[in-house]
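Right after this note come the structures.
Here subunit A shows up in two complexes: once beside subunit B, once beside subunit C.
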Partner chain A sequence: MAIPPDDGCTLTGALSVTTEIDGCLTLIHGPAGCTHHNFSLLHALHTARDRITHFSLISTDMTEQEVIFGGEQLLEETLRRALSRHPELVCVLSTCVAATIGDDVDAICNLPYEAPVVHIPTGGFLGGGFLAGHIQALNSLSFFADESEKTLSVNLVGEKTLEYEVCEHYQEILRILLRIGVPVNVRFICASSFSDIQNLGKASLNILRDPSMVPLGISLKRELGIPFIESFPLGLEGTIRFMERVGEFFSLDVTAAVSEEEALQKEMVRVFSSLKGKRITFNTNPLTDMHPPYGYELADMLDLEIHDQGNPVPVPDPFPVGTNGIRRLLHRWRRRCHA
Partner chain B sequence: MPDCAGPLWPCGLTGAAACLSGIRGMGVIIHGSAGCYFYPATAIHRPLYCTSLTDQDIIHGTDESLFRTIDSLKEKYPCISVLCTCIPSIIGEDIRATLEDRYGDSARIFVLDAPGFIGEYETGYIAALSCLHFIESDSRQEHVNIDGLSLMDPFWRGNLQEIERLLRLAGAGCGATLCAGDISHDSKLSPCTVHANPDLMSGHGKSLGSLFGIKKIKETIALLEDRYSEGDGVLSENYLPDAEERIVSSCDKYLKRFDPPRVVLSGQCVSMEEIASMLAEYLGAEILGIASRNAPVQGKYPVELIRDYGTMQEMLELKCPDLILGSSFEHTAFPPAAFVGITPPLRGTVKLHARPLAGIEGALALMESVLNACMDHQKPI
Partner chain C sequence: MKQIALYGKGGIGKSTTSANLSAALSEQGLDVLQIGCDPKRDSTRMLMQGKLIPTVMDLVRERGDRNVCLDEVVYRGYHGVRCVEAGGPEPGVGCAGRGIIATFQILEKLGALAADVVVYDVLGDVVCGGFAMPMREGYAEEVYLVTSGELMSLYAANNICKAISRLSSRARSRCRLAGVICNAKSLPREEELVAEFSQKIGSSMIQFIPRDQVVQQAELNRKTVVQYAPTSDQACIYRLLAQKIMENRRMDIPTPLEIGDLEELAYGYST
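On to the complex of A and B.
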């Protein structure tokens, strides 16, 4: 295919995790260009979200010299200089260039250092795509979690930290969880610290961002004994079902919380009643979502007509979280329908 | 060896892609992984294509992926360029010979080695330009080429429009525009060239000078009028004195209330030097330093090569400027200073209209932004 699918580099996937850890220094073993690409993309996303937090990203700045003679010595020198900045944690990410010339990154990372050093084998495209890098980084970092006594709390696992509205999604799931009386233990990993990662094992339940994180959910269940729910709450009915599942897991009575949420949803449908009878068509990515179930649910709820010539309305993938996510989406639908 | 902590400037691959995707009718293929594709694709805002190499291609060879991609584009584009990224360059396939065997004369294909490890943005841009083999034409004597246009530059459209305007007023036609606007791979070059960006000079045509910074604009316009307008110097007699007077008057008014700013500039070296000269001359600014993204050229002001965010932040904290001219990296690194964005990337702002940085309007726009930023910065909160 001439235009790549909307995935990206393993490196970017791993960086979407490691740059979210406070006190972590990420070292990329490869040409400076690979680091610049990602540094600039992350800078753009942070700026768009009004974040002025700085993340530490160092490149070994590999040149033709290392491509010919090998880059292990350069990696070790750069790693030792990076450690002189006293980071709490160093994540070493390899690129496709390092993987192709056969540098033994593991061996360098396993030398004794004064701070934890973890190699996340990303290998650029040799290691898969963005999602593979995201999961690989979370997997590698989960080994820092301590065995702990379980508490009445959940971990949020695999938030898509590069999403423009990641903070809004977090606020919404937090609202829903607090409504049923369940606190969040750790965001694994979004705006987290190294000690947060060590506390990962204290939660009784993991809530995965979406089903693409199931392989990680299975791994965390095996290693830390934490079962999982495979997705954040999506859709109107899905949000109610999510509350009931979490309540059931913790043996909590969520009847009142569910009634309040249903009332909120009913009020939202009333606010958007001007959409009634409008013709819409779904503006979806044909490769990923031919039949957007949450789109049909909303169309049904608001009495919209789905028609080939209708106003094209967005159905994002992943779908916005919870009732408030749907409210923001309906504002966009209303604008498209001029209602 | 210094740390490379948060590299600020794109690699040669991005420079090459920026150059070639500015050529009309050119399909640009990034021969590498999807990871190498995404950054140039988001920064250049033009269709780019990619062979999306996988580990299987490394084992079995990358030619099939390349053929597939070219076959899907060759009916759409009269000309195709293949930019080989790090991995095809390392594994050493003879891409040119392979494509010659497969396509012969049936497709016009340029192949360029553009691995990221070989150099930075300017290196890739100039290498891409040199692979195009433009031909000069005597029939275009009355036209002047414009070079230094790059789709990576947020000011390229404004620069192009402004320089076209100046050339018309100077009595010349607009020649080839390297490399954006209406140029195609077989465009003929005019014998003379003016530069929109003194850090991206193509080497094509006889240089009539740069149109970046008032001092250079004056010199270049004098040459242009001398050559093309037969004594009717509307630019040097009216437009330039008027623009300069407006700058002088606005700066004078500013200095009635405020001290001159202490400035750090960050971007391509020669361009920053020209801007620094303007700030010093009209606003009495103290130039604390120039942080150069490309190989520095020693000039009137202190300059150092700064390629990474960490060093940039240290420099800004040390010099503590009142005003920074640079990219949104510098804006983020040192929020207390007033800021004017002149270097990519410029994130966190909406840019819709064609704002110039070169030419008379570019100089006016720049000084306007500087004065507004400095005044806004000193308003009580």
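On to the complex of A and C.
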């Protein structure tokens, strides 16, 4: 799977993490617009998935006055006001403006407070976009992980909390992991709590959402001694390989689980046998120009003919996770092929 | 209305030259406004008999930019010269350059930028866009470089030429180099060196100001030389400078020297 380009706003990437932590208050040190714009975006994305927006987001509402005289005092005042709401955790996100004038956000965050306060540097002009913000937030939060004994469990690292099928992807990987007898320790971070973050170090293996999270995987390996697998399971063959790999890591016998999964896949192919012999063409995003390897795998399995004039079928990016992800996708293919 | 700006290396004597120039201009019967554009805020101190006047940024810090009125930022000093200090943040915080931009916007809004002659005294090096503000938007149309014959001072002056030539290439820009003022450090052949430098950058040395003890004495007495020792040679030189500036019609787009050429030039006068 190709690594997606890192564009967009660094702040949004960090917010896609901090707004997923129950009891966390996010304070954005910058002009009000940075907060407003991002709040609107998150609200719209959540609403589109029938989720109610309930996260706490506060702006320091920086103006020209702070740009000229420095914004550290305003940050401290806003931070103390935010803490009076008794959040479990405060994430302070800096912005382009705060970084430009050189406010020492770290110093303000390191003052003694009654709740943990963490600075996530997100001055976007310094390079990096949404992904950089996402990784930065996870990196900064990982410092709250306690030293702990490793258990037979995995962390799910770097779930794309704003992607459309985030819940379905999670349910599927959870099903696959439980089938081979490996529980999930912590989702880092999606619908998580502060104590989840503190328990991060209990897992023996990190499973990254996709290879774009490799830099984070490397730093978590260094800091917490947890090795990683670079992606959630994708594709039919890929799902089987994933089960074998996790099984091998934990020295578990996964033969039965793998046979069962293969049977499930075979049955699924049978269910969609009405597609057999159909002409298809891959309807990929011309902007990312993704090579659809999983599309070819499916076409092969279902005996489909790839043809320029064929029915356009989607090969989404990100590709749906696991066997059940493919099942959802094949429903869409069947509709496109009128089969 | 004549709008001039003095630029040059920090500590070279811009504020002393500006204050004496403003004093001399006002003695000619002109309405003079001097604006200090340095967070150090000491440009107009000698004109104000040693008093540090409240700065525009002080007032903005206290009560925001909406509640500042003209009388609170403009102070009358020696011979009626009107004085304004931009001010800025405490050293090491915020953005002083943005402070200069905000000051200009406020002065513009208050209609403060009107006089026979406006003299802008700007921070030593044009470190960022904010300190180029007086050169932009048609504020300072005539830039005077203040330099001695020391290499570092010439280097700073040469650097400012880069800002001037960049800005003057814009279609609507009226910013030009009007001349070089040599504020001497009593170096050998200093006048010749600065004159040659001026010519090499495509300008001319408008005035040579020799080093004189009276400048120090006047400052210790919290006055400009023009006020403290009105009949001294030094006061005459400042009056002469004022006269030349009023008569000066030279407006050049400078051609900054390469660093090697500049060093070679200074080296040639070092023996």
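Just so it is clear, the second predicted complex is superposed on the first by the 324 of 339 C-alpha atoms of A that agree within 3 Å, B and C clash if a C-alpha of one lies under 4 Å from a C-alpha of the other, contacts with A are read in each partner's own complex, and residues count from 1 in each chain.
In this section, a contact is a pair of C-beta atoms (placed from the backbone, for glycine too) under 8 Å apart; a residue touches a chain by one contact, two chains touch by 3 or more.
Computed from a predicted model, the values in this text were never measured in an experiment.
**Q** Should the superposition on subunit A be reported as showing a clash between subunit B and subunit C, or a fit?
**A** fit
**Q** Regarding the shared-chain residue A:E72, is it in contact with subunit B (first), subunit C (second), both, or neither?
**A** second
**Q** Looking at the overlay, does A:G8 come into contact with subunit B only (first), subunit C only (second), both, or neither?
**A** Once the two structures are laid over each other on A, A:G8 reaches subunit B alone.
**Q** Which partner, subunit B or subunit C, touches the larger number of subunit A residues?
**A** Between subunit B and subunit C, the winner on subunit A residue contacts is B.
**Q** Look at A:S56 in the shared chain and tell me whether it touches subunit B only, subunit C only, both, or neither; answer first, second, both or neither.
**A** Only subunit B is touched by A:S56; subunit C is not.
**Q** Can A:R179 be said to touch subunit B (first), subunit C (second), both, or neither?
**A** Touch partners of A:R179: none, neither subunit B nor subunit C.
**Q** Taking the superposition as given, does A:L41 touch the first partner, subunit B, the second, subunit C, both, or neither?
**A** After superposition on chain A, A:L41 lies in contact with subunit B alone.
**Q** For A:E64, is the partner it touches subunit B (first), subunit C (second), both, or none of the two (neither)?
**A** Both subunit B and subunit C are touched by A:E64.
**Q** Quick one: the Cα-centre angle at subunit A between subunit B and subunit C, nearest 10 degrees, please.
**A** 60
**Q** Looking at the overlay, does A:R327 come into contact with subunit B only (first), subunit C only (second), both, or neither?
**A** neither
**Q** So, does A:G33 touch the first partner subunit B, the second partner subunit C, both, or neither?
**A** First partner only, subunit B.
**Q** For A:T100, select first, second, both or neither according to whether it touches subunit B, subunit C, the two together, or no partner.
**A** After superposition on chain A, A:T100 lies in contact with both partners, subunit B and subunit C.
**Q** Rounded to whole Å, what minimum CA distance do you find between subunit B and subunit C in the overlaid structures?
**A** Taking the overlay as described at the top, subunit B lies 6 Å from subunit C at its nearest C-alpha.
**Q** On subunit A, what residues does subunit B touch that subunit C touches as well?
**A** 64, 67, 100-101
**Q** State the interface residues of subunit C toward subunit A in the complex, per the touch definition above.
**A** Residue list for subunit C touching subunit A: 57, 60-61, 64-65, 88-90, 93-96, 98-99, 102.
**Q** Quick check: in the complex, which residue numbers of subunit A touch subunit C?
**A** It comes out as residues 64-72, 100-103.
**Q** Could you list, by residue number, the parts of subunit A that touch subunit B in their complex?
**A** 1-5, 7-12, 31-41, 43-44, 46-48, 50, 52, 54, 56-64, 67, 77-78, 81-82, 96-97, 100-101, 124-126, 129
**Q** Can you check the complex and tell me which residues of subunit B touch subunit A?
**A** 1, 3-14, 29, 32-39, 42-43, 47, 49-50, 52-55, 58, 69, 72-73, 86-87, 90-91, 115-118, 120, 307, 309-310, 313, 328-329, 332-333, 335, 345, 347-348
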